[in-house]
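Structures incoming, each one as structure tokens.
Two complexes follow with chain A in common, the first pairing it with chain B and the second with chain C.
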Partner chain A sequence: MKTTTFLLATSALTLAAGSASAIDLTFVSWGGAYQDSQLKAYAEPYMALHPDVKIVWDESSAEAVAKLRAMHEAGNLTWDLVDVTVSDSIRLCDEGLAKEIDFDADLAPAPDGTPATEDFGATLQNDCFIPQIVYSTTWGYRTDKVGDTPPSTICDVFDLAKYPGKRAMQKRPIDNVEWALYCDGVAKEDLYSVLGTDEGVARAFAKLDTIKDQVVWWTAGAETPQLLADGEVVMGSTFNGRLFSAIVEQKQPIAMLWDMQSYDLDGWIVPTGLAPEREAVVMDFLKFATDTQRLADQAKYISYGPARASSAPLVGKLEGTDIEMAPFMPTDPANATNVLHYDYTWWADHRDDLDAKFQAWLAQ
Partner chain B sequence: MAAITVDMPRPSLTGFTLPLNALAGALLGYVVGTANHSPLTGVLAGAVFAALLAFVVVSFRQRRLGRLAGALITGAVGALIAGISGALAGAILGLVLSWFAYWLSSGDYRASVPIYATPREVLWHNSFRLICGLIFFFLIAPVVVVIPLSFNAENFFTFTPKMLALDPEGYSLKHYQDFFTNPDWTRPLKNSFTIAPLATILSVSLGTLAAIGLSQSHVPGRRAIMAILISPMIVPLIISATGMFFFYAKLGNWMEAHLGLSKDFLGYVKVVLAHAVLGIPFVIITVTATLVGFDRSLTRAAANMGAGPVRTFFKVQMPLILPGVISGALFAFITSFDEVVVVLFVGSASQKTLPWQMFTGLREQISPTILAVATVLVAFSIALLTTVELLRRRSERLRGMSPS
Partner chain C sequence: MTDTVDTGPMRAADGTPLKVSLARALRRQKIRALALVAPLLIFVLVTFIAPIADMLFRSVENQIVHDTLPNTVRALADWDPSSAETPGEPVYAGLAIDLQTAAEMKAHTRLGSRLNYEDPGISSLFRQSGRNVDDFGKAAMKELVAADPAWKDGATWGNLLGTDKWVEAQTAWGADKTGLQPAFKARSGVAGTLPRTLGAYALFAADARESGRKSALESKPWPALATALEQDLRAAAPESLSALEGIDTALLARTRDAVDAAAPVDYRADFLAMDKDWASPDVWRTIRVFSPQYTAGYFLNSIDLEKTYEGITKRPPEERIYVTLFVRTLWMSMLITFCCLLLGYPVAWLLANLRASTANVLMILVLLPFWTSLLVRTSAWKVLLQQQGVINDLLVWLGLVDDGHRLAMINNQFGTIIAMTHILLPFMILPLYSVMKTIPPSFLRAARSLGATPWTAFWRVYFPQSVPGIGAGSILCFILAIGYYITPELVGGTQGVFISNRIAFHISSSLNWGLAAALGTILLAAVLLLYYVYDKIVGIDNVKLG
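Presenting the complex of A and B:
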């Protein structure tokens, strides 16, 4: 009897509390398998702990900067937490559209007590960006269309004699000009000093010219897996998680080329101007969603490396299968023998200029 | 008076039927050959094969027997090349080629032109029909291709070898299952079916009233008012959307502060209002067009018999202009249901509609669920249009008008 009354009382209390503080949050992400992994690893467990919080997703990360600017101008902020790449976070942070974070106070320490700043280490890039994952832009090729000697270095991409056929490349200069110069004989450490000169840029485009008529340009990460599955291209660059899903989950005849994979980071920013009670919930979610275990959990659903050092040993198998995730991680030692660390600050300064030159070159 | 009959000589086999059939075969062979990366072989093989087929088929006296033989022969050749699916494609090609052979050799190609037509006129008449057929094909083909692809068992927009071999394992309903069970799709579906009818009701009521008002000759500046009301249809959508974004943001903030409405509810209000604005021009135009044929003396007659303006409107005017109102409503509904630009600006993620979800889905993950949705929507639109057309005909029949 007593228990029943107690149960009734508590459930009545929870109901009352729920209706009093129920809150709808809008999170912005990239859609697809990546957003699914965030849903399963962060959002669903958090909502299970806090039944009064409801999370709606908006797949608008690709235009996050433009939309946040417009929302601020109109005074109509509808987003509560936004997933962006580092380069976007730099712009948002500079413009005051993203909240500055006190990493050690706002984020959970590692289980052994290491403070967050140390645990995240080099992935912390600016005052607003809370890193989640390390991903890479890398290459996949059709195993049935490359003969007995599959491509082993990035320069095989530029070798039309050895690997005839179309290639899919991202419609932007980043990564492509670095790869072109590297295969034109520039040492990795000199890439950005060479790119800083007009002759260097011309040299990169000259190298890209050698394969230009064989390139299919993509803008969405899903395009390369589709083109590879169709057999329309022999090889193509895309985000490593997309290739993982095509190879392991969709069982397509595709293999990965990790040479000169280009590392990038993805993480959260909190928009400025949230109502205090919303911001409190968002910060609470962030503390939960970026702790060591949650970041490792995300790697159960998608092959992106967790941004915390302490999460790496906890990375297990693909959820519901026997497939070890480690060999598909861009950070796995076997895959990371030759990595392109693309330079955010250099690109922040040169992006507009090179984008214009790249577009002009494309139109030629 | 006895009917005059003219005996047209049957066209010559070697000088007319065989070469033309060879030409058709060459065209089809080019298509098949290109798909197999050898267009030239396709053209040659197609021409020779089609000529031989025509020769064999035409020698059958009975048309049906001949066409069956044509289908069987070509089907067998197709089966040799590409198995079951080849047999099916071959049988279809065989039917087409043998029909063509009979059509030429029996003189049927002249059947629908007057007997005095010159060969050039006959040629033009038939080319014209071919061009019309091709236009239909280009309009319909993109829609038709989507339908089989939506039953793909894989997660790509690709006809897999299993699908081409008609293997049941290559097909599945999983994308339909995803559409009806995945909250990513069920929420937008619900949103679309909430927003579109509300926006339709709003635009039909306002649009009909505006059209009736503007059809009165004593309204000052009616052309200017009309132009302003129609403008959402003429101004590029992206411009309207940008303006609406800022306007509705301010409006929403004001309503939130002064009326204490929730952000979520206001989001729906904003999208419904924006879609109603887009739908109103369609209603005004269709209703204005029906009002042209409306006899004004009827309203005066009603007034003469003691009916007030409201009663006159519902009892006399409304039933007569109903077809215009309904087609306007249909356009308004489709406008809202199809709309992706304005909702992206004005709505937030909780108001995500089907086109929005299809748009992001296409950009972010290229999932065939989009094709399943497209198929369902095509079926839905056909059903909607058919129903409205049937209702319209029924009401015309009931009112003793001849169907137009």
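Presenting the complex of A and C:
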């Protein structure tokens, strides 16, 4: 009895002593292969350098905005670093839920000394968002169902005569209305001024109407690869990383159509209201995890392009294989000949409005 | 017997009337009973009822406009929203102060996203204007400091606007900086003479108090204070300034002369130069319509109406969705409930009438889906129902369906009905089963032996006794069905989604919690109404869960 009590007491003491110096951080991400790539490229090397830091993961990025707001209102913040898309970061920044970043001071410069703001360039979209990767929403098609002339432009999606069959599209207006207007003859630089008018929106929906009864609408990124694999659809849009694993890892008869791929960004935000000592560790992690080498390392595990210009030349092969990653990167020059840079700020203003119109259009 | 007549009221042993004594004993018992359930009651109130009430309250709450733009809202009351003219200079002058204080507290973007729900584009307008709006204040501060450098000092502002006692307490706090800073108290008389400055300073002091690092007296004064003071000094009569007690009136008089000598700022022109949207009457109409502290706007939006300066109007046809979705949610939930009943009734009957060993196996089959993930079950239906799926393949193989015309059974209402009926079936079977178990089989045999046909025996004898189970199962299924959103989202396509999908969207994506709360309140009210109707028609006493 006595020994047990003694053992219990000492182990409790050790635990207490251990937790006094160590720090547990909760990072929020998307789960799956993407979170694994962050774990391998950023978190594990960082924890190896700092044994007193322990990182645990929460797979809640999809509901991050709502949850952060709820935590803020309840005054009980349990997250230290959150991975979000750039459009969510605009909302969080506007709501005062994300900390403003001084990019040049808080992030590491490129190896040649280029300051962070220049190295990240156009991927810096607002005061709170620290970019990690460039991904894109693009199209995949069944190589065995498109005949001898596979689709080569985005407008082939709207060509039912040439490519009959169903298409999978995301159940939201973003990207879809841009593609529709572009294929209706609107120049790329005029897309948002046209969309800003009621006639422009009607025009986009009219174009989408031409394929509406052939569209399967998806909400989760995994649906399109499954629909393509089952032969439910001939072509479908999804995130390029999903298509990569369907093609390379599952060896499905699928190929990618990069024309008018829609660039999007994913990155970190630091929640406001962290205790100063936690914030210091988080900022230190960020400086490490967003430097040139670390961003390039992430591309070993997943086919998303690093957000820094200086990381691009360092992108190599898929870890443990002979597969070159570059041809699957949205940022690869061969893939990036015609890219849709969707306008985050415009969408931040008009998303709710267009979404209501889009839902009403769907319900017709 | 006769002697009891005259003794008056019956009395207990201690002489108190029996009635009183009995009531006291009962009351004690009631209190004891209440104390026993109190932990649960308080738990339910605190963790369930209160959060729901708080969430629902958001459907009418709208303080943000009034609190963030107090000066603007006050000045805007004089503007005629039906005019095509933009409001006058006082509104822009008020906005110059409000937007600066809001930007200091980072509240302008929050207000922008609130108003953006009503008028797309306002969010950017506020975000961008907030970046440069302190140019007004910096210019005004320069002017003040030129008149007297004391304005650079936080203490000058504190002495002018706070009570002597507050300044004293604040100084004492500054010495050791422990605990919370004392709450700001305004000097008497300032509110009448320097209202704008006082309003801005109260926010400044509160902000310093909240950040907790520096005393308000030591903090660098916000540029917004200079804008406010400049406006106040221009508006105030000289004698009202000198009548202020306990402050450096000479400083105020000197500053006033300097302000008067300078050319007044044209706030309207400057705002228009900042962003031409400030000239749009629509922006001002939106701010005006949504300036009251409580609004019916969210509720109107949830039934496809909108609040404008002209009153309540219908939304444009291409934006009307909510009524359609409410109606669809209700009728599809009823249909799903009916399908559950149709399929569940015979199964429950079998369960109740088979031998115990066989019934147990059957029971496990009923419960099995309960133990499987909802997503797995929904995905399984996709595999079965899709056009290249198992059922279509089978039909084509049998030659019942032509390969070119495979049936569309998913991503439409049919898919939602099938998948949800399957998911909700156990909720119908279990209450039915527990009621049927209590109906003695001898009743049916008796009916048959008295000459009833099998149908009459079932319909006149068995069925009426199973009605309480039908009631319970239907209520359970229906209430669960109208709140579902994952399954409709995955298999509903465009025609099979429910109102809950929109609620989920507004909670987690658009952050329009007010609208989500209004939609939720309407849904809750509809359920309670249906429950009431059900009670009137069938009677809630006729519901049995077992």
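Things worth noting here:
Note that in this section the second predicted complex is superposed on the first by the 344 of 364 C-alpha atoms of A that agree within 3 Å, B and C clash if a C-alpha of one lies under 4 Å from a C-alpha of the other, contacts with A are read in each partner's own complex, and residues count from 1 in each chain.
FYI, a residue touches a chain if its C-beta (ideal position, glycine included) is under 8 Å from a C-beta of that chain, and two chains touch if they have at least 3 such contacts.
In this text, all values refer to a predicted model and were calculated from it rather than measured experimentally.
When the two complexes are overlaid on chain A, chain B and chain C occupy overlapping space and clash. In the superposition on chain A, A:G221 makes contact with chain B only, while chain C stays out of contact range. Of the two partner chains, chain B is the only one that A:V56 touches; chain C does not reach it.
After overlaying the two complexes on the shared chain, residue contacts for A:D24 are found with chain B alone; chain C is out of touch.
Once the two complexes are laid over each other on the shared chain, residue contacts for A:W361 go to chain C alone; chain B is not touched. In the superposition on chain A, A:N76 makes contact with chain B only, while chain C stays out of contact range.
Residue contacts after overlaying the shared chain place A:V270 against neither chain B nor chain C.
Of the two partner chains placed around the shared chain by superposition, chain C is the only one that A:R91 touches, whereas chain B remains out of contact. Shared-chain residue A:D230: touches chain B and chain C both. In the superposition on chain A, the residues of chain A contacted by chain B and by chain C overlap at 62, 220, 230. Across the complex, chain A is touched by residues 106-107, 109-110, 112-113, 116-117, 120-124, 127, 318-321, 324-325, 386-389, 411, 489-490, 493-495, 502, 505, 507-512 of chain C.
Contact residues of chain A toward chain B in the complex are 24, 26, 28, 30-33, 56-60, 62, 70, 73-76, 78-79, 220-223, 225-226, 229-230, 250, 252.
Chain B contributes residues 154-158, 245-246, 249-250, 252-253, 263-264, 267, 348-350, 352, 360-361, 363-366 to its touches with chain A in the complex.
If you check the complex, the residues on chain A that touch chain C are 62-63, 65-66, 69, 91, 93-96, 166, 201-202, 216-217, 219-220, 230-232, 345, 348-353, 355-357, 359-363.
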